[in-house]
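Below are structures written as C-alpha coordinates.
One chain, chain A, links the two complexes that follow: it is found with chain B in the first and with chain C in the second.
Showing the complex of A and B:
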(Lines of atoms letter the chains of each structure in order from A and count residues from 1; the text may use other names and numbers.)
(Lines give C-alpha, C1' and ligand atoms only; values in the text may rest on other atoms or scores of the structure.)
Protein backbone atom coordinates (compact mmCIF):
# COMPACT_ATOMS: atom_id res chain seq x y z
CA UNK A 1 0.00 0.00 0.00
CA UNK A 2 1.20 3.48 -0.76
CA UNK A 3 -0.05 6.97 0.08
CA UNK A 4 0.46 9.85 -2.33
CA UNK A 5 0.27 13.57 -1.64
CA UNK A 6 -0.21 16.33 -4.18
CA UNK A 7 -2.50 19.05 -5.40
CA UNK A 8 -5.48 19.52 -7.67
CA UNK A 9 -6.95 16.07 -7.21
CA UNK A 10 -9.43 14.26 -5.02
CA UNK A 11 -12.88 15.09 -3.66
CA UNK A 12 -13.46 17.49 -0.77
CA UNK A 13 -14.93 14.67 1.31
CA UNK A 14 -13.04 11.42 1.63
CA UNK A 15 -14.14 8.54 -0.57
CA UNK A 16 -13.12 5.10 0.65
CA UNK A 17 -12.59 1.61 -0.71
CA UNK A 18 -15.38 0.10 -2.76
CA UNK A 19 -15.94 -3.37 -4.20
CA UNK A 20 -17.08 -4.16 -7.72
CA UNK A 21 -19.50 -6.91 -8.71
CA UNK A 22 -16.63 -9.43 -8.71
CA UNK A 23 -15.76 -8.60 -5.10
CA UNK A 24 -12.57 -6.83 -6.17
CA UNK A 25 -11.47 -3.45 -4.87
CA UNK A 26 -12.25 -0.89 -7.56
CA UNK A 27 -9.52 0.95 -9.44
CA UNK A 28 -11.62 4.08 -9.75
CA UNK A 29 -12.83 6.05 -6.77
CA UNK A 30 -14.47 9.47 -6.94
CA UNK A 31 -13.04 10.05 -10.42
CA UNK A 32 -9.56 9.22 -9.15
CA UNK A 33 -7.28 6.65 -10.81
CA UNK A 34 -3.68 5.69 -10.18
CA UNK A 35 -1.60 3.81 -12.75
CA UNK A 36 1.71 2.02 -12.30
CA UNK A 37 3.00 1.95 -15.86
CA UNK A 38 -0.18 0.81 -17.60
CA UNK A 39 -1.78 -1.05 -14.69
CA UNK A 40 -4.45 0.61 -12.55
CA UNK A 41 -4.09 0.22 -8.80
CA UNK A 42 -6.89 -0.82 -6.42
CA UNK A 43 -7.93 2.31 -4.56
CA UNK A 44 -8.05 2.53 -0.76
CA UNK A 45 -9.21 6.13 -0.37
CA UNK A 46 -9.00 9.52 -1.99
CA UNK A 47 -9.48 13.03 -0.64
CA UNK A 48 -8.31 16.40 -1.87
CA UNK A 49 -4.51 16.28 -2.04
CA UNK A 50 -4.08 12.75 -0.72
CA UNK A 51 -4.84 9.22 -1.79
CA UNK A 52 -3.88 5.65 -0.99
CA UNK A 53 -3.80 2.57 -3.20
CA UNK A 54 -2.40 -0.95 -3.48
CA UNK A 55 0.61 -1.37 -5.76
CA UNK A 56 -0.23 -3.88 -8.52
CA UNK A 57 1.53 -7.23 -8.35
CA UNK A 58 3.01 -6.84 -11.81
CA UNK A 59 5.65 -4.39 -10.56
CA UNK A 60 7.49 -7.54 -9.40
CA UNK A 61 10.73 -7.92 -11.29
CA UNK A 62 10.96 -4.20 -12.07
CA UNK A 63 13.19 -1.60 -10.45
CA UNK A 64 11.22 1.46 -11.52
CA UNK A 65 7.77 2.25 -12.85
CA UNK A 66 6.07 5.42 -14.03
CA UNK A 67 3.24 6.46 -11.74
CA UNK A 68 0.49 8.65 -13.13
CA UNK A 69 -2.58 9.96 -11.33
CA UNK A 70 -5.77 10.75 -13.19
CA UNK A 71 -8.49 12.92 -11.69
CA UNK A 72 -11.67 13.81 -13.51
CA UNK A 73 -10.06 12.82 -16.76
CA UNK A 74 -6.95 14.97 -16.31
CA UNK A 75 -3.67 13.08 -15.96
CA UNK A 76 -0.62 14.13 -14.00
CA UNK A 77 2.83 13.99 -15.48
CA UNK A 78 4.34 10.52 -15.04
CA UNK A 79 6.61 10.24 -12.03
CA UNK A 80 9.31 7.55 -11.98
CA UNK A 81 9.14 5.57 -8.75
CA UNK A 82 11.56 2.93 -7.52
CA UNK A 83 9.93 -0.41 -6.74
CA UNK A 84 11.06 -3.72 -5.32
CA UNK A 85 9.59 -7.20 -5.17
CA UNK A 86 9.21 -7.03 -1.41
CA UNK A 87 9.07 -4.08 0.99
CA UNK A 88 7.39 -5.24 4.18
CA UNK A 89 6.12 -2.85 6.85
CA UNK A 90 3.96 -3.36 9.90
CA UNK A 91 0.83 -1.36 10.63
CA UNK A 92 0.88 0.61 13.87
CA UNK A 93 -1.84 1.92 16.15
CA UNK A 94 -1.14 5.56 15.26
CA UNK A 95 -0.78 4.85 11.51
CA UNK A 96 2.74 6.34 11.49
CA UNK A 97 4.56 3.05 10.94
CA UNK A 98 6.37 3.47 14.26
CA UNK A 99 5.43 2.85 17.88
CA UNK A 100 2.95 0.29 19.19
CA UNK A 101 2.05 -2.15 16.46
CA UNK A 102 -1.49 -2.86 15.29
CA UNK A 103 -1.32 -6.21 17.02
CA UNK A 104 -3.94 -8.53 18.44
CA UNK A 105 -3.40 -10.61 21.54
CA UNK A 106 -4.23 -14.28 21.68
CA UNK A 107 -7.68 -13.49 23.12
CA UNK A 108 -8.43 -11.16 20.20
CA UNK A 109 -7.98 -7.95 22.18
CA UNK A 110 -5.85 -5.08 20.90
CA UNK A 111 -2.31 -5.20 22.27
CA UNK A 112 -1.78 -2.06 24.35
CA UNK A 113 0.19 -0.93 27.39
CA UNK A 114 -2.71 -1.73 29.68
CA UNK A 115 -3.43 -4.95 27.80
CA UNK A 116 -0.06 -6.60 27.12
CA UNK A 117 0.53 -10.05 25.69
CA UNK A 118 1.79 -12.82 27.91
CA UNK A 119 5.09 -14.48 27.15
CA UNK A 120 4.41 -17.75 25.40
CA UNK A 121 1.14 -16.49 23.93
CA UNK A 122 0.37 -15.94 20.26
CA UNK A 123 0.17 -12.46 18.78
CA UNK A 124 -1.21 -11.45 15.39
CA UNK A 125 0.57 -8.76 13.37
CA UNK A 126 -0.66 -6.99 10.25
CA UNK A 127 1.32 -5.28 7.53
CA UNK A 128 1.80 -4.65 3.86
CA UNK A 129 4.51 -4.94 1.22
CA UNK A 130 4.83 -8.70 1.33
CA UNK A 131 5.18 -8.95 -2.43
CA UNK A 132 4.20 -11.82 -4.68
CA UNK A 133 2.30 -14.64 -3.00
CA UNK A 134 1.47 -18.22 -3.86
CA UNK A 135 -1.14 -18.67 -5.14
CA UNK A 136 -0.95 -15.21 -6.64
CA UNK A 137 -4.16 -13.30 -5.98
CA UNK A 138 -5.54 -10.86 -8.49
CA UNK A 139 -5.01 -7.17 -7.83
CA UNK A 140 -7.69 -5.96 -5.44
CA UNK A 141 -9.00 -9.42 -4.76
CA UNK A 142 -10.84 -9.99 -1.50
CA UNK A 143 -10.62 -13.63 -0.62
CA UNK A 144 -10.66 -16.02 2.27
CA UNK A 145 -8.10 -18.23 0.54
CA UNK A 146 -4.80 -18.33 2.38
CA UNK A 147 -1.88 -17.29 0.21
CA UNK A 148 1.67 -17.77 1.42
CA UNK A 149 4.87 -15.92 0.69
CA UNK A 150 7.29 -18.11 -1.29
CA UNK A 151 10.09 -16.44 0.68
CA UNK A 152 11.23 -17.31 4.18
CA UNK A 153 9.36 -15.25 6.76
CA UNK A 154 10.80 -14.64 10.23
CA UNK A 155 9.58 -12.69 13.23
CA UNK A 156 12.09 -11.17 15.64
CA UNK A 157 10.81 -10.03 19.01
CA UNK A 158 13.26 -8.24 21.27
CA UNK A 159 16.87 -9.29 20.84
CA UNK A 160 17.81 -11.27 17.72
CA UNK A 161 18.11 -14.32 19.94
CA UNK A 162 14.36 -14.12 20.40
CA UNK A 163 13.80 -15.16 16.83
CA UNK A 164 10.60 -17.09 16.51
CA UNK A 165 9.30 -18.72 13.37
CA UNK A 166 6.20 -17.32 11.75
CA UNK A 167 3.42 -19.75 12.36
CA UNK A 168 0.97 -18.56 9.81
CA UNK A 169 1.01 -16.07 7.04
CA UNK A 170 -1.73 -15.03 4.75
CA UNK A 171 -3.18 -12.06 2.96
CA UNK B 1 -7.48 -8.36 0.87
CA UNK B 2 -4.50 -8.47 -1.43
CA UNK B 3 -1.92 -5.95 -0.24
CA UNK B 4 -2.40 -6.77 3.43
CA UNK B 5 -0.65 -9.56 5.27
CA UNK B 6 -1.15 -11.25 8.60
CA UNK B 7 1.48 -13.12 10.53
CA UNK B 8 0.98 -15.02 13.77
CA UNK B 9 3.89 -15.59 16.11
CA UNK B 10 4.48 -16.97 19.56
CA UNK B 11 6.15 -14.68 22.06
CA UNK B 12 9.25 -16.43 23.31
CA UNK B 13 9.88 -16.72 27.03
CA UNK B 14 12.46 -14.52 28.67
CA UNK B 15 12.08 -11.47 26.44
CA UNK B 16 11.28 -9.16 29.32
CA UNK B 17 8.29 -6.89 29.69
CA UNK B 18 7.12 -3.54 28.43
CA UNK B 19 7.30 -2.29 24.85
CA UNK B 20 9.46 -4.84 23.04
CA UNK B 21 10.70 -4.25 19.45
CA UNK B 22 9.24 -6.49 16.76
CA UNK B 23 10.47 -7.05 13.22
CA UNK B 24 9.26 -9.22 10.35
CA UNK B 25 11.72 -10.38 7.71
CA UNK B 26 10.61 -11.55 4.29
CA UNK B 27 13.50 -13.05 2.41
CA UNK B 28 16.28 -10.49 2.63
CA UNK B 29 14.07 -7.53 3.52
CA UNK B 30 12.91 -6.52 6.96
CA UNK B 31 10.22 -4.21 8.29
CA UNK B 32 11.39 -0.80 9.57
CA UNK B 33 12.55 -0.58 13.15
CA UNK B 34 10.52 1.24 15.79
CA UNK B 35 7.47 -1.00 16.00
CA UNK B 36 6.79 -2.52 19.41
CA UNK B 37 4.57 -5.05 21.13
CA UNK B 38 3.53 -4.74 24.77
CA UNK B 39 4.56 -7.77 26.79
CA UNK B 40 3.96 -8.60 30.42
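Showing the complex of A and C:
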Protein backbone atom coordinates (compact mmCIF):
# COMPACT_ATOMS: atom_id res chain seq x y z
CA UNK A 1 0.00 0.00 0.00
CA UNK A 2 1.41 3.35 -0.99
CA UNK A 3 0.64 6.95 -0.21
CA UNK A 4 1.29 9.54 -2.88
CA UNK A 5 1.78 13.26 -2.37
CA UNK A 6 1.50 15.76 -5.18
CA UNK A 7 -0.41 18.63 -6.69
CA UNK A 8 -3.45 19.29 -8.85
CA UNK A 9 -5.54 16.34 -7.76
CA UNK A 10 -8.02 15.18 -5.16
CA UNK A 11 -11.28 16.52 -3.73
CA UNK A 12 -11.35 19.15 -0.99
CA UNK A 13 -12.98 16.66 1.40
CA UNK A 14 -11.51 13.22 1.84
CA UNK A 15 -13.13 10.34 -0.04
CA UNK A 16 -12.45 6.90 1.35
CA UNK A 17 -12.48 3.28 0.25
CA UNK A 18 -15.55 1.91 -1.45
CA UNK A 19 -16.53 -1.60 -2.50
CA UNK A 20 -18.01 -2.52 -5.85
CA UNK A 21 -20.82 -5.00 -6.41
CA UNK A 22 -18.29 -7.87 -6.32
CA UNK A 23 -17.08 -6.74 -2.92
CA UNK A 24 -13.78 -5.58 -4.36
CA UNK A 25 -12.19 -2.26 -3.50
CA UNK A 26 -12.94 0.15 -6.33
CA UNK A 27 -10.21 1.57 -8.54
CA UNK A 28 -11.94 4.93 -8.95
CA UNK A 29 -12.61 7.25 -6.05
CA UNK A 30 -13.82 10.84 -6.37
CA UNK A 31 -12.59 11.02 -9.96
CA UNK A 32 -9.15 9.82 -8.90
CA UNK A 33 -7.36 6.89 -10.54
CA UNK A 34 -3.85 5.53 -10.06
CA UNK A 35 -2.31 3.21 -12.64
CA UNK A 36 0.81 1.10 -12.39
CA UNK A 37 1.76 0.57 -16.02
CA UNK A 38 -1.70 -0.22 -17.35
CA UNK A 39 -3.25 -1.68 -14.21
CA UNK A 40 -5.50 0.43 -12.03
CA UNK A 41 -4.86 0.26 -8.31
CA UNK A 42 -7.57 -0.26 -5.67
CA UNK A 43 -8.06 3.11 -3.98
CA UNK A 44 -7.90 3.64 -0.21
CA UNK A 45 -8.52 7.38 -0.01
CA UNK A 46 -8.04 10.60 -1.90
CA UNK A 47 -7.95 14.21 -0.82
CA UNK A 48 -6.40 17.30 -2.36
CA UNK A 49 -2.70 16.64 -2.76
CA UNK A 50 -2.66 13.20 -1.17
CA UNK A 51 -3.98 9.74 -1.92
CA UNK A 52 -3.39 6.13 -1.01
CA UNK A 53 -3.83 2.94 -3.00
CA UNK A 54 -2.90 -0.73 -3.09
CA UNK A 55 -0.17 -1.59 -5.57
CA UNK A 56 -1.45 -4.20 -8.04
CA UNK A 57 0.06 -7.64 -7.64
CA UNK A 58 1.17 -7.79 -11.27
CA UNK A 59 4.09 -5.45 -10.57
CA UNK A 60 5.77 -8.44 -8.95
CA UNK A 61 8.91 -9.40 -10.81
CA UNK A 62 9.27 -6.06 -12.54
CA UNK A 63 12.23 -3.77 -12.00
CA UNK A 64 10.20 -0.61 -12.35
CA UNK A 65 6.74 0.56 -13.33
CA UNK A 66 5.33 3.76 -14.73
CA UNK A 67 2.91 5.31 -12.28
CA UNK A 68 0.27 7.63 -13.68
CA UNK A 69 -2.31 9.56 -11.68
CA UNK A 70 -5.55 10.65 -13.30
CA UNK A 71 -7.85 13.23 -11.76
CA UNK A 72 -11.04 14.42 -13.42
CA UNK A 73 -9.82 13.03 -16.72
CA UNK A 74 -6.46 14.80 -16.57
CA UNK A 75 -3.53 12.42 -16.50
CA UNK A 76 -0.14 13.10 -14.99
CA UNK A 77 2.99 12.38 -16.91
CA UNK A 78 4.11 8.79 -16.26
CA UNK A 79 6.52 8.65 -13.33
CA UNK A 80 8.91 5.67 -13.23
CA UNK A 81 9.11 4.03 -9.81
CA UNK A 82 11.31 1.08 -8.87
CA UNK A 83 9.79 -2.18 -7.64
CA UNK A 84 10.94 -4.44 -4.84
CA UNK A 85 9.74 -7.84 -3.62
CA UNK A 86 9.14 -6.49 -0.13
CA UNK A 87 9.42 -3.27 1.85
CA UNK A 88 7.64 -4.10 5.09
CA UNK A 89 6.49 -1.51 7.57
CA UNK A 90 3.97 -1.47 10.40
CA UNK A 91 1.24 1.10 10.79
CA UNK A 92 1.65 3.21 13.90
CA UNK A 93 -0.79 4.32 16.54
CA UNK A 94 -0.67 7.98 15.59
CA UNK A 95 -0.50 7.33 11.82
CA UNK A 96 2.75 9.27 11.58
CA UNK A 97 4.92 6.40 10.42
CA UNK A 98 6.89 6.26 13.66
CA UNK A 99 6.32 5.64 17.34
CA UNK A 100 4.33 2.81 18.93
CA UNK A 101 2.82 0.37 16.46
CA UNK A 102 -0.90 -0.01 15.87
CA UNK A 103 -1.10 -3.36 17.63
CA UNK A 104 -4.02 -5.18 19.21
CA UNK A 105 -3.72 -7.53 22.13
CA UNK A 106 -5.45 -10.90 22.15
CA UNK A 107 -8.54 -9.41 23.80
CA UNK A 108 -8.83 -6.77 21.07
CA UNK A 109 -7.57 -3.94 23.23
CA UNK A 110 -4.91 -1.57 21.98
CA UNK A 111 -1.41 -2.61 22.92
CA UNK A 112 0.37 0.15 24.83
CA UNK A 113 3.25 0.48 27.21
CA UNK A 114 0.88 0.36 30.18
CA UNK A 115 -1.25 -2.30 28.53
CA UNK A 116 1.15 -4.91 27.21
CA UNK A 117 0.47 -8.28 25.65
CA UNK A 118 0.74 -11.30 27.87
CA UNK A 119 3.57 -13.69 27.11
CA UNK A 120 2.38 -16.38 24.72
CA UNK A 121 -0.71 -14.48 23.71
CA UNK A 122 -1.75 -13.56 20.19
CA UNK A 123 -1.30 -10.02 18.93
CA UNK A 124 -2.47 -8.39 15.73
CA UNK A 125 -0.12 -6.16 13.72
CA UNK A 126 -1.12 -3.96 10.82
CA UNK A 127 1.45 -3.56 8.12
CA UNK A 128 2.07 -3.29 4.42
CA UNK A 129 4.85 -3.85 1.93
CA UNK A 130 4.78 -7.57 2.59
CA UNK A 131 4.87 -8.49 -1.08
CA UNK A 132 3.17 -11.35 -2.88
CA UNK A 133 0.86 -13.51 -0.79
CA UNK A 134 0.02 -17.18 -1.02
CA UNK A 135 -2.54 -17.94 -2.22
CA UNK A 136 -2.49 -14.83 -4.36
CA UNK A 137 -5.67 -12.75 -3.95
CA UNK A 138 -7.13 -10.63 -6.71
CA UNK A 139 -6.40 -6.92 -6.68
CA UNK A 140 -8.87 -5.21 -4.37
CA UNK A 141 -10.18 -8.47 -2.96
CA UNK A 142 -11.28 -8.31 0.65
CA UNK A 143 -9.33 -11.13 2.29
CA UNK A 144 -10.56 -11.17 5.84
CA UNK A 145 -11.80 -14.75 5.66
CA UNK A 146 -9.01 -16.55 3.86
CA UNK A 147 -5.69 -17.05 5.61
CA UNK A 148 -2.81 -15.91 3.45
CA UNK A 149 0.89 -15.82 4.07
CA UNK A 150 3.52 -13.46 2.77
CA UNK A 151 6.24 -15.31 0.88
CA UNK A 152 9.31 -13.40 1.94
CA UNK A 153 8.55 -11.72 5.27
CA UNK A 154 9.06 -13.03 8.77
CA UNK A 155 8.02 -11.43 12.04
CA UNK A 156 10.25 -11.42 15.07
CA UNK A 157 9.56 -9.91 18.46
CA UNK A 158 12.07 -8.51 20.91
CA UNK A 159 15.32 -6.60 21.02
CA UNK A 160 17.78 -7.27 18.18
CA UNK A 161 19.98 -9.31 20.50
CA UNK A 162 17.17 -11.67 21.49
CA UNK A 163 14.76 -11.86 18.56
CA UNK A 164 12.00 -14.38 18.92
CA UNK A 165 10.32 -15.63 15.76
CA UNK A 166 6.57 -15.44 15.81
CA UNK A 167 5.05 -18.87 15.82
CA UNK A 168 2.63 -18.26 13.04
CA UNK A 169 2.03 -15.47 10.64
CA UNK A 170 -1.41 -15.06 9.17
CA UNK A 171 -3.11 -12.29 7.34
CA UNK B 1 -9.07 33.86 -15.32
CA UNK B 2 -12.80 33.46 -15.71
CA UNK B 3 -14.83 36.57 -14.89
CA UNK B 4 -18.33 35.53 -13.91
CA UNK B 5 -19.85 38.90 -13.22
CA UNK B 6 -21.00 41.55 -15.66
CA UNK B 7 -23.04 44.66 -15.05
CA UNK B 8 -24.26 47.57 -17.08
CA UNK B 9 -23.74 51.31 -16.70
CA UNK B 10 -26.66 53.70 -17.15
CA UNK B 11 -25.87 54.05 -20.83
CA UNK B 12 -26.05 50.24 -21.14
CA UNK B 13 -22.32 49.93 -21.58
CA UNK B 14 -21.39 46.51 -20.25
CA UNK B 15 -18.92 46.62 -17.42
CA UNK B 16 -16.80 43.67 -16.37
CA UNK B 17 -15.49 44.04 -12.83
CA UNK B 18 -12.60 41.97 -11.52
CA UNK B 19 -10.46 41.81 -14.62
CA UNK B 20 -6.92 41.25 -13.38
CA UNK B 21 -4.29 43.90 -14.05
CA UNK B 22 -2.32 43.33 -17.21
CA UNK B 23 -2.96 43.25 -20.92
CA UNK B 24 -6.15 41.74 -22.30
CA UNK B 25 -7.98 41.29 -25.56
CA UNK B 26 -11.60 42.43 -25.68
CA UNK B 27 -14.06 41.14 -28.23
CA UNK B 28 -17.77 40.81 -28.80
CA UNK B 29 -19.02 37.42 -29.91
CA UNK B 30 -22.53 36.62 -31.02
CA UNK B 31 -24.55 34.15 -28.95
CA UNK B 32 -25.32 31.88 -31.87
CA UNK B 33 -23.95 28.65 -30.56
CA UNK B 34 -22.85 26.54 -29.00
CA UNK B 35 -23.98 28.94 -26.25
CA UNK B 36 -27.28 30.52 -27.20
CA UNK B 37 -29.43 33.13 -25.46
CA UNK B 38 -31.68 30.44 -24.03
CA UNK B 39 -28.71 29.00 -22.17
CA UNK B 40 -28.38 32.14 -20.10
CA UNK B 41 -30.62 33.22 -17.28
CA UNK B 42 -30.65 36.95 -17.91
CA UNK B 43 -33.65 39.27 -18.14
CA UNK B 44 -34.50 40.09 -21.74
CA UNK B 45 -31.79 37.80 -23.07
CA UNK B 46 -34.22 36.14 -25.49
CA UNK B 47 -34.30 39.38 -27.48
CA UNK B 48 -30.51 39.51 -27.80
CA UNK B 49 -29.19 40.40 -31.23
CA UNK B 50 -27.06 37.54 -32.46
CA UNK B 51 -26.69 38.75 -36.03
CA UNK B 52 -23.32 40.41 -36.12
CA UNK B 53 -19.76 39.39 -36.66
CA UNK B 54 -17.28 38.64 -33.91
CA UNK B 55 -15.31 41.83 -33.49
CA UNK B 56 -12.22 42.68 -31.48
CA UNK B 57 -11.55 46.06 -29.93
CA UNK B 58 -9.21 47.85 -32.27
CA UNK B 59 -10.40 45.81 -35.27
CA UNK B 60 -10.00 42.17 -36.21
CA UNK B 61 -6.93 42.68 -38.36
CA UNK B 62 -4.97 44.30 -35.57
CA UNK B 63 -6.73 43.94 -32.19
CA UNK B 64 -5.82 46.52 -29.60
CA UNK B 65 -4.14 45.47 -26.40
CA UNK B 66 -6.36 46.59 -23.55
CA UNK B 67 -4.20 47.57 -20.61
CA UNK B 68 -5.95 47.08 -17.28
CA UNK B 69 -4.62 48.63 -14.09
CA UNK B 70 -5.80 47.82 -10.60
CA UNK B 71 -8.70 49.87 -9.27
CA UNK B 72 -9.29 51.78 -12.50
CA UNK B 73 -11.71 51.67 -15.41
CA UNK B 74 -10.34 50.86 -18.83
CA UNK B 75 -12.50 51.36 -21.88
CA UNK B 76 -12.54 49.05 -24.88
CA UNK B 77 -14.52 50.28 -27.86
CA UNK B 78 -16.01 47.59 -30.08
CA UNK B 79 -18.12 48.31 -33.12
CA UNK B 80 -19.27 45.00 -34.54
CA UNK B 81 -20.20 44.60 -38.16
CA UNK B 82 -23.92 43.95 -38.52
CA UNK B 83 -23.33 41.55 -41.39
CA UNK B 84 -24.29 37.94 -40.65
CA UNK B 85 -21.43 35.52 -40.24
CA UNK B 86 -20.59 33.18 -43.08
CA UNK B 87 -18.12 31.27 -40.94
CA UNK B 88 -18.66 29.65 -37.58
CA UNK B 89 -17.04 27.23 -35.15
CA UNK B 90 -19.93 24.89 -34.40
CA UNK B 91 -18.10 22.17 -32.50
CA UNK B 92 -14.72 21.79 -30.83
CA UNK B 93 -13.25 18.38 -30.13
CA UNK B 94 -10.01 16.93 -28.90
CA UNK B 95 -7.88 13.90 -29.65
CA UNK B 96 -4.46 12.51 -28.92
CA UNK B 97 -1.59 14.41 -30.48
CA UNK B 98 -1.04 13.23 -34.03
CA UNK B 99 -3.50 10.39 -33.46
CA UNK B 100 -6.71 9.32 -35.11
CA UNK B 101 -8.98 9.24 -32.07
CA UNK B 102 -11.30 12.13 -31.41
CA UNK B 103 -14.24 13.08 -29.27
CA UNK B 104 -16.33 16.05 -28.42
CA UNK B 105 -18.43 16.71 -25.37
CA UNK B 106 -19.71 19.72 -23.50
CA UNK B 107 -16.39 21.01 -22.23
CA UNK B 108 -12.95 19.76 -23.11
CA UNK B 109 -9.97 19.85 -20.77
CA UNK B 110 -6.40 19.68 -22.02
CA UNK B 111 -4.00 18.63 -19.26
CA UNK B 112 -0.62 20.26 -19.45
CA UNK B 113 1.14 16.90 -19.19
CA UNK B 114 0.93 16.21 -22.91
CA UNK B 115 0.27 17.77 -26.29
CA UNK B 116 -3.22 17.32 -27.72
CA UNK B 117 -5.04 17.68 -30.98
CA UNK B 118 -7.92 20.11 -31.34
CA UNK B 119 -10.63 19.51 -33.92
CA UNK B 120 -12.91 22.21 -35.30
CA UNK B 121 -16.16 21.77 -37.18
CA UNK B 122 -18.21 24.51 -38.76
CA UNK B 123 -19.17 26.31 -41.95
CA UNK B 124 -16.10 27.93 -43.48
CA UNK B 125 -13.81 25.79 -41.31
CA UNK B 126 -12.57 23.65 -44.18
CA UNK B 127 -9.51 22.59 -46.11
CA UNK B 128 -8.88 26.15 -47.25
CA UNK B 129 -8.00 27.09 -43.68
CA UNK B 130 -4.37 28.04 -43.10
CA UNK B 131 -2.40 27.73 -39.89
CA UNK B 132 -1.65 31.44 -39.79
CA UNK B 133 -5.41 32.05 -39.74
CA UNK B 134 -5.74 30.31 -36.36
CA UNK B 135 -4.85 32.02 -33.10
CA UNK B 136 -4.91 30.58 -29.60
CA UNK B 137 -5.56 33.35 -27.11
CA UNK B 138 -3.73 31.80 -24.21
CA UNK B 139 -0.25 32.11 -22.89
CA UNK B 140 0.11 28.38 -22.46
CA UNK B 141 -0.49 26.80 -25.84
CA UNK B 142 0.86 27.13 -29.35
CA UNK B 143 -0.25 25.53 -32.58
CA UNK B 144 2.39 23.07 -33.78
CA UNK B 145 3.59 24.22 -37.20
CA UNK B 146 2.70 21.79 -39.99
CA UNK B 147 0.06 19.97 -37.96
CA UNK B 148 -3.11 21.47 -39.48
CA UNK B 149 -4.97 19.04 -41.70
CA UNK B 150 -8.40 18.14 -42.90
CA UNK B 151 -9.59 15.06 -41.03
CA UNK B 152 -12.20 13.32 -43.18
CA UNK B 153 -12.84 10.49 -40.74
CA UNK B 154 -14.28 12.96 -38.24
CA UNK B 155 -17.60 14.16 -39.60
CA UNK B 156 -20.16 15.93 -37.43
CA UNK B 157 -23.37 17.56 -38.61
CA UNK B 158 -22.26 16.77 -42.16
CA UNK B 159 -19.06 18.78 -41.72
CA UNK B 160 -15.50 17.49 -41.88
CA UNK B 161 -13.17 18.46 -39.06
CA UNK B 162 -10.00 20.45 -39.34
CA UNK B 163 -7.45 19.05 -36.93
CA UNK B 164 -4.25 20.48 -35.46
CA UNK B 165 -1.86 19.79 -32.60
CA UNK B 166 -1.25 22.15 -29.70
CA UNK B 167 1.83 22.11 -27.49
CA UNK B 168 2.26 23.61 -24.06
CA UNK B 169 4.91 26.29 -23.84
CA UNK B 170 4.39 26.71 -20.10
CA UNK B 171 2.15 25.28 -17.41
CA UNK B 172 -1.09 26.96 -16.43
CA UNK B 173 -1.39 27.64 -12.72
CA UNK B 174 -5.14 27.07 -12.81
CA UNK B 175 -7.91 26.03 -15.16
CA UNK B 176 -7.66 28.48 -18.04
CA UNK B 177 -9.96 28.84 -21.04
CA UNK B 178 -8.37 28.39 -24.45
CA UNK B 179 -9.93 30.87 -26.85
CA UNK B 180 -9.61 29.74 -30.45
CA UNK B 181 -9.84 32.52 -33.01
CA UNK B 182 -10.04 31.99 -36.76
CA UNK B 183 -9.48 35.02 -38.95
CA UNK B 184 -10.06 34.11 -42.58
CA UNK B 185 -10.85 36.21 -45.60
CA UNK B 186 -11.56 39.27 -43.50
CA UNK B 187 -13.97 37.51 -41.17
CA UNK B 188 -13.29 36.47 -37.60
CA UNK B 189 -14.91 33.80 -35.48
CA UNK B 190 -14.04 32.62 -32.00
CA UNK B 191 -14.66 29.64 -29.77
CA UNK B 192 -14.82 30.76 -26.18
CA UNK B 193 -14.89 28.54 -23.13
CA UNK B 194 -15.23 25.20 -24.89
CA UNK B 195 -11.67 24.11 -24.24
CA UNK B 196 -9.71 24.61 -21.06
CA UNK B 197 -6.06 24.14 -20.30
CA UNK B 198 -5.71 22.57 -16.89
CA UNK B 199 -2.75 21.78 -14.70
CA UNK B 200 -2.35 18.01 -14.72
CA UNK B 201 -1.70 16.04 -11.55
CA UNK B 202 1.96 16.16 -10.64
CA UNK B 203 4.16 14.11 -8.37
CA UNK B 204 7.72 12.86 -8.18
CA UNK B 205 9.02 9.31 -7.61
CA UNK B 206 10.11 10.12 -4.06
CA UNK B 207 6.57 11.32 -3.27
CA UNK B 208 5.33 7.72 -3.58
CA UNK B 209 5.91 6.29 -0.12
CA UNK B 210 5.06 3.26 1.98
CA UNK B 211 1.61 3.95 3.46
CA UNK B 212 2.67 2.72 6.91
CA UNK B 213 6.13 4.22 7.35
CA UNK B 214 5.81 7.15 4.91
CA UNK B 215 9.31 6.27 3.76
CA UNK B 216 10.19 6.43 0.11
CA UNK B 217 11.75 3.67 -1.87
CA UNK B 218 10.57 0.96 -4.20
CA UNK B 219 6.92 0.02 -4.41
CA UNK B 220 5.85 -3.47 -3.48
CA UNK B 221 2.97 -5.58 -4.83
CA UNK B 222 0.03 -5.37 -2.46
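The criterion applied here is as follows: the second predicted complex is superposed on the first by the 152 of 171 C-alpha atoms of A that agree within 3 Å, B and C clash if a C-alpha of one lies under 4 Å from a C-alpha of the other, contacts with A are read in each partner's own complex, and residues count from 1 in each chain.
Going forward, a contact is a pair of C-beta atoms (placed from the backbone, for glycine too) under 8 Å apart; a residue touches a chain by one contact, two chains touch by 3 or more.
Everything quoted here is computed from the prediction, not taken from an experiment.
Q: Can A:71 be said to touch chain B (first), chain C (second), both, or neither?
A: In the superposition, A:71 touches chain C alone.
Q: Using the touch definition from the top, say if A:156 reaches chain B (first), chain C (second), both or neither.
A: first
Q: Name the contact category of A:36: first (chain B only), second (chain C only), both, or neither.
A: second
Q: Figure out whether A:111 sits in contact with chain B (first) or chain C (second), or with both, or with neither.
A: The first partner, chain B, only.
Q: Name the contact category of A:99: first (chain B only), second (chain C only), both, or neither.
A: first
Q: Return first, second, both or neither, reflecting whether A:140 touches chain B, chain C, both chains, or no partner chain.
A: A:140 sits against chain B, while chain C stays out of touch.
Q: Taking the superposition on A as described, I'd like to know which of chain B and chain C A:89 touches: first, second, both or neither.
A: Both partners, chain B and chain C.
Q: Is A:11 touching anything from chain B or chain C once the two structures are fitted on A? First, second, both or neither.
A: Neither: A:11 stays clear of chain B and chain C.
Q: Please report the chain A residues shared by its interface with chain B and its interface with chain C.
A: Residues common to the chain A contacts of chain C and of chain B are 1, 54-55, 57, 84, 86-87, 89-90, 92, 97-98, 126-128, 130-131, 133, listed in rising order.
Q: In the complex formed with chain C, which residues of chain A make contact?
A: Residues 1-9, 36, 44, 52, 54-60, 65, 67, 69-77, 79-87, 89-92, 96-98, 126-133.
Q: Report the residues of chain B in contact with chain A in the complex, numbered from low to high.
A: Contact set of chain B toward chain A: 1-17, 19-27, 29-32, 34-40.
Q: Touching chain B in the complex: which residues of chain A?
A: 1, 25, 42, 54-55, 57, 84, 86-90, 92, 97-101, 103, 111-113, 115-128, 130-131, 133, 137-143, 149, 151-159, 162, 164-171
Q: Considering the complex alone, what residue numbers of chain C touch chain A?
A: Interface residues on chain C, with respect to chain A: 109, 111, 113-114, 198-205, 207-215, 217-222.
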